[in-house]
Amino acid sequence: MPIEAIVKVLFIFAVMVMGLAPIITWIERKQSAVMQDRIGANRADLGGITLLGLLHPAADVIKLMTKEDVVPDGANRVMHLLSPLIAAVPAIIAFAVIPFGGVYQFGDTTLNLVAADIDWGLLYIFAIGSIAAYGTVIAGWSSNNNWSMLGGLRASAQMISYEVTMGLTVVGVFMVFQTLRLSDMALAQDTSFRIFGFLELYLGLNWGWIDWLRLPAWGIFYQPLGFLMFLAAIMAENKRPPFDIPEGESEIIAGYHLEYSGMRFGLFFMSEFIEIIIIAALTATIFLGGWAVPLLSTDAIIGGISSVMGVGFATGLCVLIHFATFMLKVIFMIWVQMLLRWSLPRFRYDQVMNLCWKILLPLSIANIFATGLVLLWVKG
Amino acid sequence: MVDVGTESDLLRWIPLLPLLVAAYHGISIGFLRRPTPPRVAAVVSCAAVLLAFVLSCIAFRDLLALPANSRVLVDDVYTWIGAGIGSSALSAEVSFQLDPLSAVMILIVTFVGSMIHIYSIGYMEDDHRDDKGIQRFFCYLNLFTFAMLVLVLGDNLVLMFLGWEGVGLCSYLLIGFWYSDSFNAYCGSKAFIVNRIGDFGFLIGVFLLFGALSEIGHPAVSFAGIQEHFDGIVEMTIAVPAWMPFGPEWRLVNVIGLCFFLGACGKSAQIPLYIWLPDAMAGPTPVSALIHAATMVTAGVYMVCRLSFLYAAAPEASAVIAWTGAITALVAATIAMAQNDIKKVLAYSTVSQLGYMFLAAGCGGYAAAIFHLGTHAFFKALLFLGAGAVILAMHHEQDMQKMGGLWRQLRLTRWVFLVGVCAIAGFPPLSGFFSKDEILIAARASHVPGHNWLYGIGLATAGMTAFYMFRLWYLTFCGECRAVADVRNHIKDPNGFVLNPLRVLAFFSVFAGFAGLPQVWGDIISIEESNSLANFLTPVLAVGELHAIEHSQELWMASWAVAAALAGTGLAWLSYLRKPRIPGWLAANLSGPYRALFNKYYIDELYDVVIVRPIVALSDRVLYRIVDARWIDGIGVNGTAHGIRAFAANGLKYAQSGLTQSYVFFMIVGAVAIVSYLLR
Amino acid sequence: MTVETILFYIFGSLAVVSALGMVLNIRNAVASAMSLVVTMVSLGAIYLLLEAYLVAAIQIMVYGGAIVVLFLFVVMLLNLSTDEFPPGRQRLIKLAFVIAGVTILAQVLIALGRDPLLAAQPQTVPEGFGGYRQLGIALYTDYVLLVEMASLLLLAAIVGALILAKRKID
Amino acid sequence: MLPMDHVIALSAILFTIGVLGVATRRNLIVMLMSIELMLNAANLAFVGFNRIWSQLEGVPAIDGQIFVLMVIAVAAAEVAVGLGILLSMFRNRDSVNVEEVNLLKW
C-alpha cells in the first residue's frame, strides 16, 4: 500500500525532521540559558511577538539559506558539495524503522505506526549510522584544510570505534527480547513484572503485596548497564559534546565543517539535531518501552475506554495516547542529552578512545555474558 | 560367536593394577625425575601384585561356581583394532577371558610373582648401582606382570601377541638391568633378538590362521571364534615346491602349528633357539626366578596348550614338538651336568624341564604339561630364589667352585634348597614326582612315532636331572668351604624378605603335586577324581588319543622314574661327596666329551660362525656402506637436494623478480589456464 | 520486468561503474575509496533484493562502515591526495593483464550461458532464508568451529596490525 | 524475481575489474581495495548460488551466506594487517608504490 507508506513518510518529515528538529535548537538555547542563568534566545520577534524565542529557528533557517555557499580553493568540489548530504540523509532515513505506536485494529483494517516494519530494524539503523560516518570524514578531507583534515581523522577513528561498542552494548537487549524488530521490542515492553516475583518463584512465598509492587517491563530495568553504555556510545557516535572532539573548537577551530557555510553547514547542523531525535527515539524504544504506557497495557486501555464508549473510538484514543507517550519519552531523552551536553566538559581524544576500548567494550562483553548466564538460569 | 561365557568386570583389574603401578613408577622416575623412596616404591609394587593375586582368587572362585562345562568368564573392555569389512573383517577386542587354563596360569603368575616381588625387596636392598635403581626394577617387574597377565588372559591371538611382545620387552629390560656392564646389555639384546625370530614365526602363524579362516568366510582372531570355525580349515593344504620334504602339499594346520611352535621355541628356549636363556642369567636373580624360570618361559607351553585343538588336529606338528622337547631336555640336562655357575646350572635345568613340558604337550598330554608347568614354577622359583640367597650370602659370588660347606651358616636356606632339589629330582611324594610321572606316562602312551624312545629319553633325563641338581647341592652346601677368607667369615642367612617367600614356596613345592594326583595313587589312597587339575582342565584342553595303560604298568613306570632319580642322586653323592677326585679324573681322561659339555657343545660359536657373522658382514659391507650410504643417502636424499638446488640457483630464481605485479600476472595466467581447462 | 529486476539492474550497473571508477581513477585515492563505498552499498542493496537481509546489513556495516573508513583513514593519514608515480614501463604487461582478465570474464560468461542450473530458479526462498535467527543458529551449531577459527584469526590480525603499525614496540 | 545468471555475471564482471585493479595499479592502497572488490564479487556469487540452491532437495540451505560472513571476517582481518604493512612501508620508503618494494629477489 504505497499510499500508507507515503503518508507515513510525510508524517515523519513533517513531525520529526521539519517540526521537532528546529524546536530542539530552541530547546537547546533555552536549556543552556537556564543552566547558565541567562534569559536565552528571545530577540527575534515578529511585530513584538517573540513566542519565548520560538521564532529563532525560523530566523536561523532564513539566515542559513541566504548565506553565501563557499567552496575553498584546492578543495575537491564534488566531495565538498556531497558530504553534507551524506551526513544528513542517513540520519533522516533512520526514522523508517522507529515505531511511533503499536499495531491497531480498526474493524478489518490494521494500522501499524511503523514506516518500514522490517525484521532487522536495529541492524538497519546500525548500517545507516555507519554510512553517516562518511559525511564528516569526506567533509574533513575535501575541504583542503589541515584543521578539517584533523577533524575528519578524529571523526573517522571515533565513529569506527564507537560503532563496535554501540553494537555490542545492545546485544544484551537482543537477548532479553529475542528480536531485532523494534516494534516487537516495544510490544514486549508493553507489560510489567513484579519486583519481588522471585520471592514467590524461588522461595515459594506468596504474599498479596507481591502482585502489587510492579515495574514496567522496560529494557532499562532489564539492562541498566546496557542502557548507560548504549547512551554513552551512541552520543559519542553523534559527536556532540562531551564527545565533540572532531569539532573541538578550542583545538581545531570547528573541525570537519570548518570550511562550510550557508545551508551546507546547516545540513551538518541539522543532521546533528536529527540524530539527537533518532537517539532519543531509539533509546526510548529499546529501553523505555517505546509507546507503551507504564503499567497500563494496550488491552487494559482499550478495554477500559471501550467499556464507556465504542471500541473504534477507544482504539483511536489509544493510538493518540501511545503516540503522546512515545513523544513524551522522546522529549525526555532529548532533554537528558541536552543536560549532559551542557553539563560535561569535552573529553580529551585519548580519553574518548580509552572510554571506548578500555571501559565500554570490556564492560559490554561482560554484560553480554552476564545476561546470557541469567537467561540460562531463569529460562532453564 | 560361540557362547561368550559369563560377563565379569573383575578381570580387567587383574592386569590393570600392575600396569597402573608400573605407569606410576615410570612417570615418577621418567617424567617427574623425582624417585619415590625405594622402600615405598617396593611396597606399592608388591601391594599391586598381591592385590592382583587376591582378585585372581576371587575370579577363580567365581569360575568354580559355574557349571563345569561352561566355565568361562569374559570381560570385554573395548574394540582395539577394527579393520576391513565382510569376510575379511578383523576385529581385535581388548577382552579378557578366564577359563580353567588361564585361571591356573594367572594363579601361578600372580602368586609366584608376588612371592618374588617380596623377595626382591630384600634382594635388591643392597643394590646401590644407581639411585633410582630399585624403583626402575620394580617398574619393570610390574610391567612384566601386566604383560604376562595380558598374555594369559587375552581371549584372542592379537592381544596374546601384545602380551607376548610385552614380556619379551620386559625380559630384555631386566636382563640388561645393570646395563652399565656391557656384557649384561649384550645378553639382553641377545635374548631379545633370538626371541624376535620366534615372534616372527608366531606372527606368520597368526597371519596364516587368520587368512585361512577368512577364506572360509569366518575371520576371527579370538580363540573361541577360531575353535568354532576350526573344522572348516582342518583339511586345507598349501602347495610347496616339490623338492621340499613331504611335498608337494602340506597340511595347513601342520604349517600353522609349526609356525606357532617356532614362536614357542623362541619364548620357551627350545632347540634351536634356547641359547638366550643361559645368558639371561645376567639379570638379577629374582628376575631369573620370575621370568626365566617360573612364568615367561612357560608362555610357549601355555600357548601350545591354548591351541591344543589345533595341535590335536596336526599330528605331524605334534610329533615335531614332542621330539624337539625331548631332545632339548636331554641336551640341556647333559650341559647342566658340567656347569659351574650355580645360575647356569639352574638355567639349563629350566631348559630341560621346559623340554619335558613340550614333550608332554607334543604327546597330547596337555594337562600333564600344564601340571608340570605349575609344579616347575614352584620348585624352580624356589631353587632360583635359594640360589639368590646363596649368592647374597656369598656376596655375589656365583661360581660353585668357590662355595661349599654353606651347610653350617645358611641354616634355613639349606633346607628349602634341599626341598627344591628333591622336588625337581622327582622324589615322591614331592610335586615334581607326580608331574614328571604324568609326562612320562603321556610319552609312553602317545601315538607319536618312536614314543618308547621318547619315554626312554625322558627317563634318562630324569636321572641326569637328579644328578646335576644334587651335584649343585653338594657343591654348594657340603664339603669344605672354598671361598676366600673374608667372604667366608660373614656368611649368614639373609633377612626375612628373602627367607619368607622361600618358606612359602618350599611348602608349595612339597604339596602342589597333590593338586594333580594321578588316579593311580588316588585309587591307592581311595580318592575319587583325585586328579582334580586334569579334570578341571578337561573342558578347555583337547585330548590326543592315547594307548590305554593299565595301573600296574603306571606304577612300574613310576618306580622306574624313582629308580632313575635315585641312581642320579647316588652318582652325584659318589662323585662329589664320597670321592671328590672322580670329576677331575673324568675331566682329565674324557677331556673331549667333557669340554664339549663344558662349552655347551659349542652351539653359540656355531651360530656365531654360521648365522651371526654373515649377517653382520652383509649388513655392514653391503646394506650399510653401499645401499644406505651410497644409494639412499647419496643418490636419493642428497642427490635430490643438490639437483633441486642447482636448478633453483640457475633457473628458478629468475621467477622471483621482486615485482609484486609480475607474481600477480603469473597467478592470473594460471587462473586463466585452470578456468579454461574446467570450462573446456 | 518487476520492480526488483529494475532495481537490480540499476544497482548492478552502479556497482560496475563505481568499481571501474575505483580502478581507473589514478589521480585520487580518496575518490577510489568513495567509489568503492558506492560499490559496497549497491552490493548491499543487491543482497537485499536477494533477500539476504543479515548479509546485507553486515555488508554495509563492515565494508561500508569499517573497512573503507579504515582505507580513508589511512589515505588521509598518509595524506596521499594523488599518486604521481613515474610512468610505468610496462604498457605491454598491462595490456596482457587486460587480455587475461577479459579472457576469464568471457570464459565465465560463456559458461553461464551454457549452464542449465542457472535457468532453473526457485521462485520462493525457504522461510527465514536470510534472517538473523537461522544464520545465527547455524553459525553457533553447525559452524561453531568456523566461528572459533574466525575469532582466532581476528585476534591474530589485531595483534599483527598493532605490531606492524606501532612505531616502536614499548 | 531476479535473473540469477545476470547476478552471477555481475559478480564475474566485478571480479575481473578487481583482478585488473590488482594487476595494473601500483598504488598499494588501491591494490588492497581491488582485493576487497574481488572478495565482494565472490560474496555476491556465494549469495547468488545460495539463492539458487536454497531449496536443494527440500532442505533450506543458508551455507552460502555463512560463507559470506566468514569471508567478511577474513576481509576485515586482511585489511587490518594489510594497512598495517602499508603504514610501516610508508614509514620506511615514504611511498606506497609497490614497485619500490622489490628487495626480496634473486
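As written, the chains take the letters A, B, C and D, and residue 1 is the first residue of each chain.
Simple rule for what comes next: a contact is a pair of C-beta atoms (placed from the backbone, for glycine too) under 8 Å apart; a residue touches a chain by one contact, two chains touch by 3 or more.
No experiment lies behind these values; they were computed from the predicted model shown.
Between C-D and B-D, more C-beta contact pairs are found at C-D.
For the pair chain C and chain D, the distance between C-alpha centroids works out to 6 Å. Chain A and chain B have Cα centroids separated by 87 Å. Per-chain CA centroids place chain B at a distance of 69 Å from chain D. Averaged Cα coordinates give chain A a centre that lies 30 Å from the centre of chain C. Residues of chain C in contact with at least two other chains: 54, 58, 66, 70, 77, 97, 100-101, 104, 108.
Residues of chain B found to touch two or more other chains are 661, 665, 668.
Listed by label, the pairs of touching chains are A-C, B-C, B-D, C-D. Chain A contributes residues 76, 79, 118-120, 123-124, 126-127, 129-131, 133-134, 137-138, 140-142, 149, 152-153, 156-157, 159-160, 163, 167, 180 to its touches with chain C in the complex. Chain B meets chain D in the complex at residues 653-654, 656-661, 664-665, 668. Residues 661-662, 665, 668-669, 671-672, 675-676, 679 of chain B are the ones that touch chain C when the two sit in their complex. By the touch rule above, chain C contacts chain A in their complex via residues 28, 30-31, 34, 37, 41, 44, 53-54, 56-58, 60-61, 64-66, 69-70, 72-73, 76-77, 79, 131-132. Against chain C, the residues of chain D that register as touching in their complex are 1-10, 12-21, 23-27, 29-30, 32-34, 36-37, 40, 43-44, 47-48, 50-52, 54-55, 60, 62-63, 65-66, 68-70, 72-81, 83-88, 90-91, 96-97, 99.
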